[in-house]
Every structure is written in structure tokens, then in C-alpha cells.
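Encoded as C-alpha cells, the structure appears first; notes follow it.
Letters are used for the chains, namely A, B, C, D and E, taken in the order the chains are written, and counting of residues starts over at 1 for each.
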Amino acid sequence: MMETGTLAGTGKFVILPVDQGFEHGPARSFAKNAPAYDPLYHYQLAIDAGCNAFAAPLGFLEAGARQYAGSIPTILKLNNSDALLACEDPKPEVTASVQDALRLGCSAVGFTIYPGSAFRDDMYMELREISEEAKDVGLAVVVWSYPRGSGISKDGETAIDVIAYAAQIAAQLGAHIIKVKPPTDHVEQAAATKVYQEQAIPIATLADRISHVVQSAFNGRRIVIFSGGAAKGQEELMEEIRSIHQGGGFGSIIGRNSFQRPKEQGMKLLKDVMGIYAG
Amino acid sequence: MMETGTLAGTGKFVILPVDQGFEHGPARSFAKNAPAYDPLYHYQLAIDAGCNAFAAPLGFLEAGARQYAGSIPTILKLNNSDALLACEDPKPEVTASVQDALRLGCSAVGFTIYPGSAFRDDMYMELREISEEAKDVGLAVVVWSYPRGSGISKDGETAIDVIAYAAQIAAQLGAHIIKVKPPTDHVEQAAATKVYQEQAIPIATLADRISHVVQSAFNGRRIVIFSGGAAKGQEELMEEIRSIHQGGGFGSIIGRNSFQRPKEQGMKLLKDVMGIYAG
Amino acid sequence: MMETGTLAGTGKFVILPVDQGFEHGPARSFAKNAPAYDPLYHYQLAIDAGCNAFAAPLGFLEAGARQYAGSIPTILKLNNSDALLACEDPKPEVTASVQDALRLGCSAVGFTIYPGSAFRDDMYMELREISEEAKDVGLAVVVWSYPRGSGISKDGETAIDVIAYAAQIAAQLGAHIIKVKPPTDHVEQAAATKVYQEQAIPIATLADRISHVVQSAFNGRRIVIFSGGAAKGQEELMEEIRSIHQGGGFGSIIGRNSFQRPKEQGMKLLKDVMGIYAG
Amino acid sequence: MMETGTLAGTGKFVILPVDQGFEHGPARSFAKNAPAYDPLYHYQLAIDAGCNAFAAPLGFLEAGARQYAGSIPTILKLNNSDALLACEDPKPEVTASVQDALRLGCSAVGFTIYPGSAFRDDMYMELREISEEAKDVGLAVVVWSYPRGSGISKDGETAIDVIAYAAQIAAQLGAHIIKVKPPTDHVEQAAATKVYQEQAIPIATLADRISHVVQSAFNGRRIVIFSGGAAKGQEELMEEIRSIHQGGGFGSIIGRNSFQRPKEQGMKLLKDVMGIYAG
Amino acid sequence: MMETGTLAGTGKFVILPVDQGFEHGPARSFAKNAPAYDPLYHYQLAIDAGCNAFAAPLGFLEAGARQYAGSIPTILKLNNSDALLACEDPKPEVTASVQDALRLGCSAVGFTIYPGSAFRDDMYMELREISEEAKDVGLAVVVWSYPRGSGISKDGETAIDVIAYAAQIAAQLGAHIIKVKPPTDHVEQAAATKVYQEQAIPIATLADRISHVVQSAFNGRRIVIFSGGAAKGQEELMEEIRSIHQGGGFGSIIGRNSFQRPKEQGMKLLKDVMGIYAG
């Protein structure tokens, strides 16, 4: 993945993830840009835009693995949540295996953990097994680390102390690449607040916070990338990317902001993002 | 299954499923047409009517597998629910294995998931394992995707957004063939309602909705077939089939509407349905 | 088992089951006829009376397997419940394995399911695995199908619709031989009541009901046998057996009615029963 | 174990069990006789007193297995409960495996079940697997059968009907040697009371009751031994042993009554007990 | 580990453990001494200070295993708890395997149990499997035994009877090295209080209590080491170490007290501690 696409050799990453069909439902994900109902659309978008990799659940990769073999590195998302039943403490469903990833010629497996959920135990154990098996067969392990659940307030899900902690947990669990959300300057945990104040850890700007998160993932020894979040204005997104780049982030995962636009616009956006990281 | 029966080579499917003995009890299923207590009756009905395949639980297939070997493709239903204990959140029991399907010479395995049930996790994980094993040994995977449970209202079980979502989930889980119910024009989820309105997704006619469901299963890259539902008037059923065909549906699964009639009538009905799909 | 004892070659069965020591405790089971505390007593009783087979839990069969090897077919009961803790929803404990049955030279394994229990899932899954393994190694599968649990009223446990349903479930789960209780003319489920009335299914006499249960087990394609129940008067029992025979039942399992009498009386009773089935 | 120690060849057993360190804590177990903190003390005590075997958890046997190899048969206790958290329904923790027993050169494995506990299912299933594996590799299976839990009153734990039932369950589960507590003349279960009265089962003296328990374990075809219980007066203990011997019991397990005394006194007590069984 | 570092050959241990990043979060653990965000910092600190070993979770060891291969023995912590969700009854997550430890060239595996937690069952069983596998492949087993949970009061977590019991449990579970907290003179359990008074067990000084804990771990036949606890004054810590040494403790695990100081100060502190044990 480090040797593919526009950013090959820079140590930076822009990845196209498309799991929203499973996570939010097909119409909410694809109706804005109907060609995106087709899994092959996303393969082609990732290739044409020069992404480092394309990440998706089992069904999407099965649909294009043969046709696009060798065209772009793929990441098989091994667990997913659907939106048909809300749960305070989320527990994604394991929907594919490391063996599936091998069969589909993937370069990596992806796995979501929800630190703070009452079911984190199950997820960490599943990740442990998956990770051991993936390393045995030479696949990279990409961890989506999203704090959420009865242990954490809504604001706490993106609090700087919680996001930094989530990055640390993913790193300690053995992830090669860690995906978190861009953090806010909120500090969630009382015991942490004391430390952030006493040690005067800089968290005022997004670049500061990105820098702290990267430090929290073994002082930069692990690759941390950031999600683009819900679809938003292009300039707002670019501003965010510039801060991530400035703070030493290793890249972005850009989903809805790219595939919910007409293809030319989506490609341009991805290329603009790459331009920032290449800069 | 695509090369068998009246619809061989058309890409369309009419399948005879008989799991009602387990799901509803023997008298409720077979008393209206007493020869149907016998599993061999159904093998013969499916063959004589020219169906693409016959689907049933373990016991039924064990009863006829030797005698009807090579006569018709069979689908072993690997999980089933009985009606002796009602549960708001359904969880079918796994009642057979991929190895059983091999032993019985089946062409595919069938598995029911209930998106929206609190136990969907267990079902998705069971399906994941079954699906991986089935693909390894060359069996097709047919998924009955029935939204149901504490996450969904009664009307929501056939709502267009929910049925489309159920088709997407089955496709992402790796199904080759997906069976859903014909959807109504009700939209269940608030977040979806907004999108259906903003994007003006056509859902007024059944044909429109069928088309949307097929689109939601990877833009037609997965085979979606529809159930006939409870026994009903012949003309009403035919009208429904015509809409499914018009909307681009790949076929029908017709159970009670065929085997709860005297054999000649049941055969005629199945042939009439095939006539529409062949048209 | 079909070629052993007095009924060899008739297609009928009389089996001696002795699991009451585990299910009800030793004194309640054996004090009335103290030699019955000894497992070898039962081997000898089954042989001397000319039974088709002897069924018991692990310990009883381990006690006599060597000495009586080749003398009579045995059925190892693989799960059992004890009476030291009452539960509304029963879940028997798995107490032996298919490998134990092989080691002990058994002809079949026995397994109890309680349709209607909240734990039916666990039982059906255990049976599925046991059944697959047993068939692989050539052992017959005998299923005790006893509806019970929070889904069913006390009267419902022997209701005709429920017993017929229990026989169907066991057959669909792949049983070779199914044991149920003789049904009453009570109909338990509302949805079934409607069908029994509309289709005028005959259930007035015990012979009618036996006939309906045999029909419900794949129209006679599966062997259905009936329990003798609690110890009762000899004439009452014989009347019941005559009805089972008349209705097409395949035989009886007679436990307490035989071993809780002095040996000569127990043998005579078993022989009288066989006389009816041979008639 | 039948060919070791003072009672070699008599068919009788006196076994030294030391699991109190885990079950009650170290000070409560060993402070009265401080050398007993050392696991080797117990090996030596069992050897010097002429016991048939020494039973203990993993750690104790690991501490002396090499040094005392071949000196005395050992029984590895495979599950244990600690007293740091009280539970109405006990479930001991599995703390060692059959493979550990092989590695440590043991002659048998020991396993505790609590009939009447809501978790009996788990214990019986664990025992089933352990027992199958132990028999495969030629180790004897010793079952501590202690009725306890929400199904049984405090007095019921040693009631004659319950102890006899506990012995039957252990025997049916395939135990070679069964350890129970000496029973009282209390009868716990209503259904059993009726039978004990009608059949006039003698339970007035301890010898009567021992005899009934031995009968309840396959009429003497299984070895039943009895615990010494909490530390008590020597004469009281000897009286109890004489009754066990008189009732046909196969021996005793004597823990706290031996190792909580100075070594010479403990040895003398064990020898006195053996004297009774040899008499 | 006994032949490494300053204390090589003395039978004493000083180990550097760094799992606080996972247990408390990165800022709370490392902000006071920012170079400690880097896993390699800790490898180097342990080596430069002359520790016997370095203990950490999977991610930290993966980060340095190749570079520091052969430089210092490592202990892979196989389970960990994070602080994002508080639970009265703790259950750490298994985050790595014995196979991981082999792959990373470790000398031992570490595992935390919480006696007194409602989930102790799960932990003991996990430890049983891990321990068996570790011994098979020649790795030492280090058990962190921390009484905690609904069975124990806050003061009880460090009560002398409870700590002694926790050491006994770890020893019986087969640990080679046991880590507990220095105990207070509080006695928690009523049944234990009686014994401590009657037998006049000396617990007045910390040295007395250390001695009692070592006795409780098989009378000194198992290695018991003690944690340094939260960061505290240097003199206070040294006083504690002297008592541990005087009472016969085998060493200390010193984490926050060393790595939350600037490196030179941390090294000096560790060396001072070693000086006491070497004395």
C-alpha cells in the first residue's frame, strides 16, 4: 500500500473506504450518486484517483476481486455494524475471515474496535485472533478505533484524551495502521484532565491534537490515519486535511466525501487531498 | 440451478421451498393437501412442474436424496425456527451443516438471517462460517434475509428501505442468491425517509420497489428472488409475479401457494409463474 | 435393532430404557424392585424378555458392555436431566459422546430434545453435531422428543398438535427413530386449532391420534415409537399398546412398567406387549 | 492405587487430599501446623502413613512430582473453588487438565461436581470431556459429588436421598471412584420421602445409610468413599469410620483431620483409620 | 531472567513493567517524561539500569523485539484492562498469545488474575490454557494476582489474609513467579480473622507480612515479587523495599516510579533498589 498510487513512496496514505452500504443502508449511502450502488464503481474510482488502497466488506470485494486483481491493494473489512437495531454498547458483527482476505488477494485486513463499549472484550479477543492469523500469512492489520459505548459521553467519543487513548490501545493490540477520528479539544476523563493541565499538553489547534495522537501511538512508530467523517463542504475538508498534515498525521480515509459526489468531483477531491499530503 | 427446469438458461428462477413443517408444524402445512406430508411428494412436484430447485431442511432431503439423486438441484436449509415458543427477537436454530449438504448431493445451502433481531450477531457469524465452508467446496449460498425483531416495527418488516437494506446486508455477507419479501411503499427509518424524499427514489409501484431492491443488491450483480408469501388467490399472486418480473427481479420462491393445492393445480400455478418469467 | 429379539423382522420395536436412576434418583427408580439397582439386571431383563434393544446412560452401559457384548443392541443416552433442581425451561446435560457409544459397542445413540423450551436452540445444535458424527460412524440416531417449557402449557405437553409437531421436528432434524408420548385429544395452539377443525383431522381415539403422529413424521417414512409413561395397571397399559398398534405406531419403550415389577412379572408384561405388536 | 500402601490388596482406600489451601486459604488450612504450608510435607505424610494416594491441585503436585516420582500414586484435582467470593450456586474453576496429570505422572484425575447448582450443566459437560480424555489415556476418574446450590436446602446437602442421588449421578457420569459426605437420616425431596416410607428403606443408623449409598452406586459395582469432614475429635471420627466400614463403604478421604495435627499425631490417626478398614 | 542484569545469580529480581499506556492511557502514563511515549525508551531503560527483565503488552514488544533481540529477557503481558469503562468486577481482555511470545523471543508470559471478581472463572480458565501451552514450549509463567471485585472491600484488596490467599491461588494455578501488592495489616475475612488471632500469626510489620505471604506461596518454593505501586517519594519507596527484602521477598516490579522520572533519576532509583536486594 505504501508503493501504490499518487502517494507511493511518500509514507503518506489516502484510502477509499466503502462500508456505508452495510453500516447505513444502500439508499443513504449511494442514492446521491447512483452509479455508486455498483461495487465496481468504487474499484475504478480508487484506481482513477490514485488512492493507496480500497477498503470494503466481503460482498463488495468479492464482486470485483477477479476483475481488478493486481490493479489496486485492497483491505477486507472483517467486521461491520448495521443500523437496523440501535445499541448503546456497540458490537460489530464479524462478517469475513483472514482466509477470505487471502482468497480475494487483499493486502490487509481491517477491523473495528469500540473502546468504551461493554463488549470491548469480545472485539479485542476477535482482533487478537485475526491479527495473529493475518501476521502469520503476511497481511497488514488496519484497526478502526472508535471510542463509543456506555463508558463514554457523546462528546467524549472525539475528546482528545479518549482519541489518544484509542490510538494507544490499537497500537498495543498490534495494529500496523490505526484509523481514528480527528479529535476535539474536549478532555473527557477526570484523571486525564489533571494530567493535561499539569503537563500543559498543547491541544488548542487541530494540528496540536493530531501531533499528540501520533505521539500516543508509540511516538510515531505506528501509522495513524484520520477519517473524513460525514460529507461536508470541500473547503472545510481541505482545511482539516492541512491540519492533519501539519500535525504529522500519516494520511486520510475519505469515503462519503468522495463517492457521494459525481465521479469527476470525487476524483478531484481525492487528488486535492493527495496534493496536500504530497506537499 | 441456472441450467435446470423450464427456465434453464433464462437467468430466471422458480424454486420450491418446503420448510413449513418445521416452521409452522405439520398439520398447518400439509393437512390441506394430505399427500404433502410425504417428502417425496415435494421432490416430484418440483420435478414435474419444472422448477430450478427444491429447498428443504435436513430430514426432508435425507428422505429423498438417494431416490432423486440427479433429478433436481436441491438446497439444504441449514437453519430453521419452530413456532412452539414465540420470541420478539428471533434466532433460528442451526439444524444441518455444509457437510450434510455435500453428503446429500445438494447444489446449495440456504440460511435465514433476521436483520433487526438482537441475535443478528450470532446469525451473521454462523453464516460467515457456513459461507466460507460452502464456497470452499463449491456450493452456492442462498440467504433468506427477513428483517424482524425489536429493532423494527411490524410494518417495517416489509418497508422498502428495510427490504433494500436487508438485500444489501445479505449481498455484503457474500450471498450468491438473496431471497426477500416483496416490499411495500412504507419507509421505516427516519434517516432513510429523508434520503428517499430528497433523492426522489421511485417507490410508488411494486415494480419500482423491486427495481430499487435489485439495485440495492450491488446494482443487479447479485441474484435477488422474492417469496410468494401466505397462500392467496391465484390472480393476486400472478399480478405480483408480473410486477417482480417487470421490476427486474430474478425469480420467485413459491411454497404454500403450490403445495397446499391439489397437485395438478399446484403444478399449473408454478408453470404459470414460469410462463411470466420466461415471457 | 430390527433383527434382534422376539420382534426381529417385523419392523416393530419394544425397547427397555433405564435412565430413571439419573432422571428421578435411585430410590424412586429401583427401591420397589431392589435387584434393579444393579445395571446388569437390566441387561439380563432386556435379553430374557426378547427386547429389540436396551437404552441407558453412560454409567449403566459401562458397567455391562464387556460382559454383554454381542448379546443385545444398546442405545447410549447422550443427555440426561436430574431432578435436584427444577427449571421451567428444561435443558438436559450432555453426559456422553458418540465416541463413548463406539467404545461401548452400541448400535445407536439416544438424545432428548424439549421443543418449547427456551433452550431448544442449544439442544438442536448439540443434536445436529451428534447426529452428523453418529451417521459418519454408522450409528442410528434415536430422538426422545418431549415438548416442554415456557412456550407450552402442562396440558399442551401431550396435546395432539404439539406431539405431532414434536415428531415432525425430530424427523426434520434427521432422527432415524423418534420417541414421543401418546397424545391426548387436546389441541394447544390457536393457529393449529383452526386447521384441525377446518380439515376435520380425526383425533377422537388414541388410534386416530397415533395415526396422525405417524403421518406427521414424513407420512410413515420415519420410525415413531411411544413411551409407556409412569407405572400403571397392566390392563390399562395393554389397552394403550393395542391402540398404538392399531394406529400404525412402530412400537413402545417400556421402562418403569417393566423393571419396577418383580422380574418374572416384568418379563411377562414385556412379552405381552410384544405379542400385541407381533399380532 | 489399589496396590499401594497399608491397604494394598484389600480393596479399601485411605486417601490424603490437600486442596484446602485453594478452597479456604493458606492460613485457615495450614497455620495450625505450619510445616503443612510446604507441599512436600503432604507427599511425605501420605507416604509415611501408608495412604493409597495423595490428591491435590496443580501447584502442589508440580512442587513435588519430580522428587516423589514413583513413591505414591497421585490424583490431580482438575477443578477448585476459592472462598473469596460466595455464590449460592457454586461453579468450581477448572484449574488443570488431563495432559497436566499425564505430565505429572498421576494415576487419576479428580473432579468436583455440585448436583443441585444452577451451573451443574457446565460441570457435567466439563467432566464428560475430562472423563473421556482420561479413559483414553488410562487414568482413573475420581468424582467428588457434593450436592449444593439453589435447588437444595442446607440440611439437604447431606440428606440420605440427596447423597444417594449424588452417588448415582457420579456413577452414571462414568466415575470409577465416587467421594461423598457421610449422609444424615434427613430425607429432602418430597417425591423421595414417599418412596423411603413405602419401601421402608433402612436409614436409621449411619451404617444403614452407607449401605444404601453403596447400593445406589450400581449396587456396589462402583467404589464409594467418604470424606472425614471438618477437623473433629479423634474418637468421634473413629466411630464414623467404623460405621462406614460396617455399611460396606470402600474407604475414606481424610484431609484436615490429619494434616492439621502435628505430623506424628496425623500419621497415627491415618494408621488407626486404616486399621479399621483392614479389620 | 535469573541470570541477567545486576542481580544475576542472586535469586532476586527487579523487573520493569510498562503496561500503563493500555491500563491508564498514554498521557497519564507518559506525559510526565515525554520520551517514555516511545517503546524503545523502556527497552533501553531496563537494559541500562540492569533489570532482570522488561514486561509489556504486545504492541510495545513488537516495536522493539527485533532491535533488542538478545539484549534483555522480555515478558509478554497476555491480558490487559483499559480505563475507558469502569466495572465493579474486573475482567481483563486477552490481548496476545503464547505464540506471540514465542514469535517475539520472550522468556516468559505474564497474566493478570483478579481473585474475588465475579469473572475469576474466565480468568483462571484462560490462565490454565495459557500456562499449559507456555510450559509446553518452555516459557515461564508470571502471574499478577490482584484481589478485586464484588467479593472484596476496597481495604480488603491489600489485606494480609487476602494477599496471602491470592499468592496461594496463583501458586496452585501453576505460576512460576507471582506478583502481589505489599499487604497491610488489615484482615478481611471473618473466618480468617479467627485463625490469625488463635495462631498469633505475626503481621505487625511489613517484613512480617511479606514473610507470611512468601510462606503462603508453598513455604518459599515459589518466587513472590512485589509491586511498587503509584509514584511516590523515593525514601518511602526505599523503606518499603528494605522491608520486602527483610521479609524474604524475591524482588520488585517497579514501573511508574522509574519511567515517570527523567531517565537518569529513574535509572538511579532502579539501581538503588537493586542495591538493597543485593545487600
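Assume a contact is a pair of C-beta atoms (placed from the backbone, for glycine too) under 8 Å apart; a residue touches a chain by one contact, two chains touch by 3 or more.
Values in this document were obtained by computation on a predicted structure and should not be read as measured data.
How many links in the shortest chain of touching chains run from chain C to chain E?
2
Starting from the defined contact criterion, work out which chains touch chain A and chain C both, please.
B
With centres defined as the mean C-alpha position, give me the chain A-chain D separation in Å.
Each chain's C-alpha centroid was found; their separation is 57 Å.
Can you work out the whole-Å distance between the CA centroids of chain A and chain E?
About 36 Å separates the centre of chain A from that of chain E.
In chain D, which residues are in touch with two or more of the other chains?
As it turns out, chain D has no residue touching two or more other chains.
Make each chain a node and each touching pair an edge, then name the shape: line, ring, star, complete, other.
Chain contacts: single closed ring, each chain with exactly two partners.
What's the ring order, kicking off at chain A and moving to chain E?
The chains follow each other as A, E, D, C, B, starting at chain A and passing chain E next.
If we count contacts the way the header does, which residues on chain A are in touch with chain B in the complex?
Residues in contact with chain B: 21-22, 24-28, 31-32, 34, 37-40, 57-60, 62-63, 80, 82-86, 91, 93-97, 99-100, 103.
What residues of chain A sit close enough to touch chain E in their complex?
115-118, 120-121, 124-125, 128, 132, 135, 147, 149-152, 161-162, 164-165, 167-169, 171-175, 189, 191-192, 195-196, 199, 201, 212, 215-216, 218-219, 221-222
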